[in-house]
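Each of the two complexes below includes chain A, the first together with chain B, the second together with chain C.
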Partner chain A sequence: MTLNFRSRQIWTIARLELRRVFFSRRSFWVYGLALFPLLIFVMQTIAVEYQKRTLSAVNTISPALMDSVREGERVEAVLERLGKPSRDREYSFRRRERDGEEEVRIHNRQLHYWDGQRRANLIFQEGVLQNIHIRQLVSIDLQRLMYNGVFHYYYLKLAIFFGCLGIFMNLFRGEMLDKTLHFWLLAPARRDVLLAGKYLAGLLAASVIFGTGAALTYGAMLWPVESAEVRTFFAGPALEQMLRYSAAALLACLGYGSVFLAAGLLVRNPIIPAVVLLMWESANGFLPAVLQKLSVLHYVQSLCPMPAPVEEGTPALVRMFLAPAPATSWPLAVLGLCSLTAAILYLAAQAVKRLEINYGGD
Partner chain B sequence: MSAPEIVFDEVSKFYGEVLGVNRVSLRIPPGITSLVGPNGSGKTTLMNLMTGLVHPDRGSITVRGLSPRDPERLMRLTGYATQYDAAPRGATGFDFVATSLLLWGYEPREARQRAAEALERVGLTEAGHRKVAAYSKGMRQRVRLAQAVAHDPEVLVLDEPLNGLDPVVRAETIALFRDFAARGRHVLLSSHVLQEVDVISDQVVLIANGMVVAEGRIRNVRDEIEEHPSQFLIRCSGASRVASLLFERDHVSEIKVVDDRQGLLVMTRDRNEFAAALNAIALAGHTIESVLPADENVDALYEYLIGAQR
Partner chain C sequence: MAVYKRGYQRYRGELTGRYTRLLALPRFVWPRLIEQRMILIVLIVSLFWPLACIGFIYVSNHSELWSGLGGDLGKFLQIDGKFFRYFMDTQAVMAVILAALAGPGLIAPDLAHNGLPLYFSRPLSRLDYVLARLFTLVALLAMVTLFPAFLLFAMQGGLAGMGWLTQNWRLPFGVFTGFTLHILLVSLVALACSAWVKWRTIAGALVVGFFFILAGVAEMLNNVLEVTWGILLNPAQSLYTVWSAMLGVDAGEGPGAWACVAGLAVLSALLGVVLEKKLRPVEVIS
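Entry: the complex of A and B
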């Protein structure tokens, strides 16, 4: 049999398997995982639009007027200069000045102003301006930071990980449960050809599902941002960043896919390899350098345009788990991950050659 | 050129602690061969072993010179209709057959054509576009048969292929097996429908507890069972007189007069002596209308060889 013939067999197997992977009832939750952040960003866009309308409905002041406000000003002066606020809220609370003395009733007032981009929250105490909080309702930098966090902590560590678990473990184990695996094993194809075809199907499906999910979420992330800002962003690093996120998603599918495909051949219960791998990947940041290279996350994180964000004040133990391993250059990351995947697939090929049908007795 | 035999050489298979088959040695020539044995005796294991669905713990198997560990070449000449009822989810009968042909390397157009022909051979043309999940047991049986024969294999392996088939389809299916066998191919089937096995098989392999207890042509197997006398049904006039003449012979151990008193059921330990005795009786003027072996069938063999172990 020629290489060309085997390649055609691989493609035939992948094509047949793709239908099952995309439309299997077991796969539907994977779509949910991939599209959940998209839903969140769409909801954010709706919320931002709603806020903009609510704030604009009353009064929109000029940015210069908003910047002219200073702490210590009287509420009457601010109202006279800036006009009717978008929101006006008054409340009071009691405070004991010193031990044993009478409680003092403090009167507070909050005024919200809107300049079309930013929202100012002015807090007055007893009629005097105490605090000024001005922030953009939505900005591209903030959105990018949010997306980066979602990509690292949601897509890489959760969605793609568990999505690949669902897709790739089912390629063999699912067929064993459905009692349909013999259909493939009775085909005139080498077992490693069968493995390659199924892996290709899983990889294509996972890449389409998570690549599309990540790209759509990237688009949704930009949706509430002003169009001028988006245009500037696209003239700059946007496409490169999007490409790097997509490449990271694809390589994560490549790596996790091979691991879970092999696991599906070697163990019956998917929970065990999932937990072990999740712990291994989570501990990657503080493993010795040699062991760090045996991690999918290690390579994939190196491809992301920004490192995983870790907030100030995060407890040291949590920080240890969240902190990424030192980055590798992208050619090394791609090469490293491909080598790791090839090694795992070789082990899987040995396992599939020994695979027997055992649906539960003679 | 590959040897046209299926050879099991000292093959053993265990499922953990459970015995599948033990030290099975067989040489199966072309023709229709039936594997007969009670549930759990190892019939399916033998079929799975020769198609590579399970691997032997000991011994070796070749199918027309090919190893089951080489599915790329073996399955090109083998079709296996398994007992497993499931088809890929959502597949129609036509999809099920055509899809498997794509794996055989046929172009989609030829695969569709062959699938249509195979479905026609098993009488499923009209139902071909319905989902397999909605098929009756008999239809599923037939669609698996269609899949197994669609690529015109040299070796056809069929696990309980007559189960659930109505009499007309059963007759057509048996005709299909005979057609395959007549072309010098292997048809290996397992069945519990012993009467049919008896009628259609060129040879039988009787299995019990994972071991082959007898193999060969049914008559040859019968001849080897010495502890059980052979039984013959004789239709004759003057049954009582013929019975008394036969009883004088040492090799006759028992005679029963059948209910209509027009025949005898004779048990003899020596077929040749029995034939000579009948000739002598006929020459003496008694009318012998017919002589039929009463236990040269799988039912009797099954009872003799396996009955005690059931």
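Entry: the complex of A and C
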């Protein structure tokens, strides 16, 4: 039996499995997981367009006029200079003075102005301007930051994690549940060849689904941005970044896939390895640098163009303990993850050689 | 081979009461669940945090132990709404893990092995079946939520006096109602997942995934669309808001407690629909 023959066997098994992984009813939820962020960014585009229309329908002021507003100005002066606001909202609330019993009623007014690109939110208290919030409605930098957060926290930590759990656990455990695994075991193929074929099918499916999902979402993220800004971005790092995110998604599928395939062979209940791995990966940032390198997430995040953002509401104490290990260079990250995957697949191959079918157990 | 006509007759003897019949199912399931090693481990682990809280209550009520240390220690050691919310947060996670381990085994095997006709051929309606399964899980989850909470209040009441309990009646009310809501929702999720996917192993992963993925989806919605109503899609966060309102603690930005209750009610109704659709005594295969 030559290596060529074994490779052809692996590809045959993978081809048969691919149809099942891609089109079975049990896999449809994975598509939902991968494409949900795309839907959210499309919703954002619609929301941004709607906001642009409603804001510019009333009044569009010049950027210089917007920048001329200063804290402490009276509301009448601002209205006279800037004209009719896009939105005017008045409200009042009661506030108890710190040491006194008496409640004070405070009158607030919020004015929104729009200069075609930026939105100014002016907050007046008792007729005096207290806060000025000026921000672009949408910009390429904001969108990139947002996508980076979605990729790190949604794709890597949730979607790919649970997607791979579903796809790879299903390869052996699903066949056990369907009572069809014995057909594979009766085929004239070595068990490790069977494992390799099934893993290849799972990896191809997961990579296509999540790689495409991440790339499409990247495209949707750019949708609400001005076309000139997008063109400049595409002339620069856009494609490289998109490729790096897709490569990170692929590597995550490679790593998590091997772990869950092995788990599907070694344990009957997937919750235990899933919860343990989820906890390990979630606690990743708090672990010493050496231990951080024993996780899939570390290598995958090393490939991303930007590091994982720290959530806004994170308490100072948590921030203090949060010490991500320095990113590994991309060749080392790929090599590290491939080595980890090879080691896990070797363990899985040993387990599949000893595999005995007991359909009654499930 | 001879085929004999066999006429079955309906049982016409005396029936036990409805509630006794309902309890028959849990009575057989509980010992089986407790025998599972992982469930036992989770039950034991879930007692660690209540024990730590009991220690905290003891220290808090013995000012002679720390009065010499000065600083803001008195404020830190206060037994208030925040303390109970921390307690509830941790126990709620343990309840989800326990439900993911115990819940899928309650309905999925009956569906996978076509066992439902065996139940429904007895004087047991579909509602009775669901209630019996729900009660099985609720009682198990109460062991890591309501029971430790009762111990904490008993301890605090004993050390600080009954006056504390009457003054802070809102806290036990909030904790018990909050936990009841939580375990009912988690049990419903576990049963619905168990009925939806039929396979115990996959259903368990789905229960864990349900809470984590919805939390991720809600967070993504809030950040990308710059809204706060995404919380309504996250049952854990919605429950957190409801608990905070009941304990009189600030829950942060987002929809109010009533909006969260409405969101949870809609979610529970959807889970109920799943159970109603999936639990059929007869399955017609075309």
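In the analysis below, the second predicted complex is superposed on the first by the 322 of 362 C-alpha atoms of A that agree within 3 Å, B and C clash if a C-alpha of one lies under 4 Å from a C-alpha of the other, contacts with A are read in each partner's own complex, and residues count from 1 in each chain.
Everything below uses one rule, namely that a residue touches a chain if its C-beta (ideal position, glycine included) is under 8 Å from a C-beta of that chain, and two chains touch if they have at least 3 such contacts.
Note that the structure is predicted; figures quoted are calculated from it, not measured.
Student: Just to be sure I read the superposition right, which of the two partners does A:269 touch: chain B = first, chain C = second, or both, or neither?
Tutor: The answer is second: A:269 touches chain C but not chain B.
Student: Which partner does A:24 contact after superposing on A: first (chain B), second (chain C), both, neither?
Tutor: Only chain B is touched by A:24; chain C is not.
Student: Using the touch definition from the top, say if A:183 reaches chain B (first), chain C (second), both or neither.
Tutor: first
Student: Who does A:223 touch here: chain B (first), chain C (second), both, or neither?
Tutor: neither
Student: Counting only touches as set out at the top, which of chain B and chain C does A:5 meet: first, second, both, neither?
Tutor: The answer is first: A:5 touches chain B but not chain C.
Student: Tell me which partner A:278 touches in the superposition: chain B (first), chain C (second), both or neither.
Tutor: Touch partner of A:278: chain C, not chain B.
Student: Both chain B and chain C contact which residues of chain A?
Tutor: Looking at chain A, the two contact sets intersect at 362.
Student: Across the complex, what residues on chain C touch chain A?
Tutor: Listed in rising order, the residues of chain C that touch chain A are 38, 97, 100-101, 112, 199-202, 204-205, 207-209, 212-213, 216-217, 219-221, 223-225, 252.
Student: For chain A, which residues are in contact with chain B within the complex?
Tutor: Against chain B, chain A makes touches at 1, 5, 8-9, 12-13, 16, 20, 23-24, 178-180, 182-191, 193, 353-354, 356-359, 361-362.
Student: Across the complex, what residues on chain B touch chain A?
Tutor: Going by the criterion above, the answer is residues 15, 20, 40, 42-45, 48, 51-55, 69, 71-76, 80, 82, 84-90, 99-100, 102-105.
Student: Can you list the residues on chain A that touch chain C in the complex?
Tutor: Counting only chain A, the residues touching chain C are 33, 36-37, 40-41, 43-44, 47, 146, 149-150, 153-154, 157-159, 162, 165-166, 169-170, 173-174, 177, 268-272, 274-275, 278, 313, 362.
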